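Structures for review follow.
What follows is chain A paired twice: with chain B in the first complex and chain C in the second.
Right after this comes the complex of A and B.
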């Protein structure tokens, strides 16, 4: 019986989300569907980061005065993934907002959400 | 200037001031006079801080490094130190690049017409956030801030393009933002993989770890990390194969906005290129991949520039092409190559700013920037014509100008590592740049103006506006700098050579 760890499951799920997101972003013609694919991709990356930073039985990475530095170095969870995931969520929301706003503007101008039509009508 | 190990608050100000200014001008909304005053004061303050600041570190939370052999706090930056805090480093390279960026910011704020956008506050906020993201990327020494800087930079680029107006701008911004999602995710994955390999979020610590440990079977992960990192580097600088995206962004923005965008792009290329060289430089094929991308970018850029029929788009593609000049030096990785690449970044920002601000002035003649329409500007504005010709000479690498000095170092660097093909490509870029720019200048400035015919077929008068005097001031300052650097290159070289010597890797072919 193969023992599947929580971390491995998270890696598999993250890879699946990234692949689905990437495929949607590249293959879907509808701009709204592209945006949804982008959010899936972003979630996949977040999950990967969470999985990388997971330490079984770890302590929060906050070093208080008087704490043992040795114990801290040995047991502290990685702060980087936590920080980057929180920030990535905020940046993801901002990016989605910009994308939706742009799609609305382009829809008003062209009357369609098809990327193949909207993005190719460039004349200069 | 001496380096200090205390926590330098002046370094943090280079990020905090533009952020606070962006918030403030955004609240001021459309009080154009007040926005201009605040923006100019803030930009001048940033330039002054950059010029007078001491070299050293800034640790967020004020926590210094932990010595891994004794497990005690240390202010040293030795190889055995584990830096817990997020940190910025401000050295000679950071000083010269941020100083140039701050100077460009001052000029952009002065040149930007308050009547261009509906919401002047938000637009100016984007300009300051562009500065902030570039300052973060060039000073940062941890992966977290590097990633934030790159992501933030992508968002503000989209914002500046959107604020520039029409359908072309919206489409360019949409495409750019979609790809920024891919590139940002790729960078995050790359950094996560490096973190998984090394356990360090600090860039210096990770590099020390990678150079002192045998990764064994995990070395493949490092290759994957390199792939994702390279993708993000290519995207941030608009290198091949995503060069159409970046050139669309440059061409679709207001010319003064493009001044900031191209400066931010060059700083990102330099900062990320150096990190990439330090992290992955010893891997087989790393430098070959970087060199191939750089050469293709130079060639595609100039060829596309020759095909354009609008002066703005000619410059847009030339900016992309000259990004390849910056990256080729970094990609060679030798002291000479890095010196040339970093020097080229400084020079490129300066002479491209001259040309872009000159294009901004052309718009005031009310007949667009298409090279199909002769405007005859030389007779109406001889000083502007002189400025654009001098800027074009600097961009083409003609002696006595700054572009010549950096390009000659790059050519020498290529010949020193027995790659005359690269030297030939650099020369080709110079010659083609000359042809592409002067073709546009001849039609717009020197050819007798074409008559304007209205829709009814009768002669019409173009809606000309007077060129603001600040445009002439900006052009004068930038051209003077280009000439001074061209005659005394050591003014810049003294800042870039130390970092080139520090991070260079011997050529192995």
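Right after this comes the complex of A and C.
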């Protein structure tokens, strides 16, 4: 059996999420399905960033009273991707809320959730 | 051969993420798709926890399981539940 580290496993999962999310965003015709695919794509990018910052056999980036700072710097996972991803998760929720509001307005105007039909009626 | 139980759970979670993502997109019932995406998010929270980022795990578990499916369910109740042909 091939030995796969946790980091490589996370990279594979991130690649799968990005591919599935991109395919869903391009191929799905339903607008709500497109929103779900968008959140999947965002999850994949978050997972990729966290996996880049992972250190094998390290500790979580939380400094408790009494810990040695030198040991913490040598062993802790990278702090920067974690902070960026924490921001990105929260921003992703607000982006999804705006997308949901836009979809509801499109549905009130056209009476349908199909992206192709909405586009055809908007062009006229 | 010693089987690392932690890695076995990580494998299961990665398979769960992939299968859940595909299943959420292929599901015809949009309400079910929202719940499946929430379940997929829980598996992702476990992977965050395993990658030594516990704050991200907690945030992803709350946001991905309650807020995002809640928003999608709101959109479904304001529009329609099933995919049209």
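Basically, the second predicted complex is superposed on the first by the 100 of 124 C-alpha atoms of A that agree within 3 Å, B and C clash if a C-alpha of one lies under 4 Å from a C-alpha of the other, contacts with A are read in each partner's own complex, and residues count from 1 in each chain.
Here, a residue touches a chain if its C-beta (ideal position, glycine included) is under 8 Å from a C-beta of that chain, and two chains touch if they have at least 3 such contacts.
Owing to the predicted nature of the structure, the values given are computational and were not obtained by experimental measurement.
Engineer: If you stack the two complexes on chain A, which partner ends up touching A:45: first (chain B), second (chain C), both, or neither?
Structural biologist: first
Engineer: Applying the touch criterion given at the start, work out whether A:20 contacts chain B, chain C, both or neither, answering first, second, both or neither.
Structural biologist: second
Engineer: So, does A:103 touch the first partner chain B, the second partner chain C, both, or neither?
Structural biologist: In the superposition, A:103 contacts both chain B and chain C.
Engineer: Contacts for A:32 in the overlay, against chain B (first) and chain C (second): which applies, first, second, both or neither?
Structural biologist: Only chain C; A:32 stays clear of chain B.
Engineer: Determine where on chain A the residues touched by chain B overlap those touched by chain C, and list them.
Structural biologist: 53, 103
Engineer: Spell out the part of chain A that touches chain C in their complex, as residue ranges.
Structural biologist: 1, 4, 6-7, 9-10, 12-13, 16-17, 20-21, 24, 28, 30, 32-33, 35-37, 39-40, 43, 46-47, 50-51, 53-55, 58-62, 77, 82, 85-86, 89-90, 92-93, 96-97, 100, 103-104, 107, 112-114
Engineer: Which positions of chain C touch chain A when the two form their complex?
Structural biologist: 1, 7, 10-11, 14, 17-18, 21-22, 24-25, 30, 33-34, 37, 40-41, 44, 47-48, 50-56, 59-60, 63-64, 67-68, 71-72, 74-76, 78-80, 83-84
Engineer: Which residues of chain B touch chain A once you look at their complex with the stated criterion?
Structural biologist: Interface residues on chain B, with respect to chain A: 63, 66, 68, 71-72, 82, 84, 142-144, 147-148, 151-152, 155, 158-159, 162, 167-168, 170-171, 173-175, 177-178, 180-182, 184-185, 188-189, 191-193, 195-196, 199, 201, 251, 310, 313.
Engineer: Give the list of chain A residues in touch with chain B in this complex.
Structural biologist: Against chain B, the touching part of chain A is residues 18, 22, 25, 31, 34, 38, 41-42, 44-45, 48-49, 52-53, 63, 69-70, 73, 78-81, 83-84, 87-88, 91, 94-95, 98-99, 101-103, 105-106, 109, 118-119, 121-122, 124.
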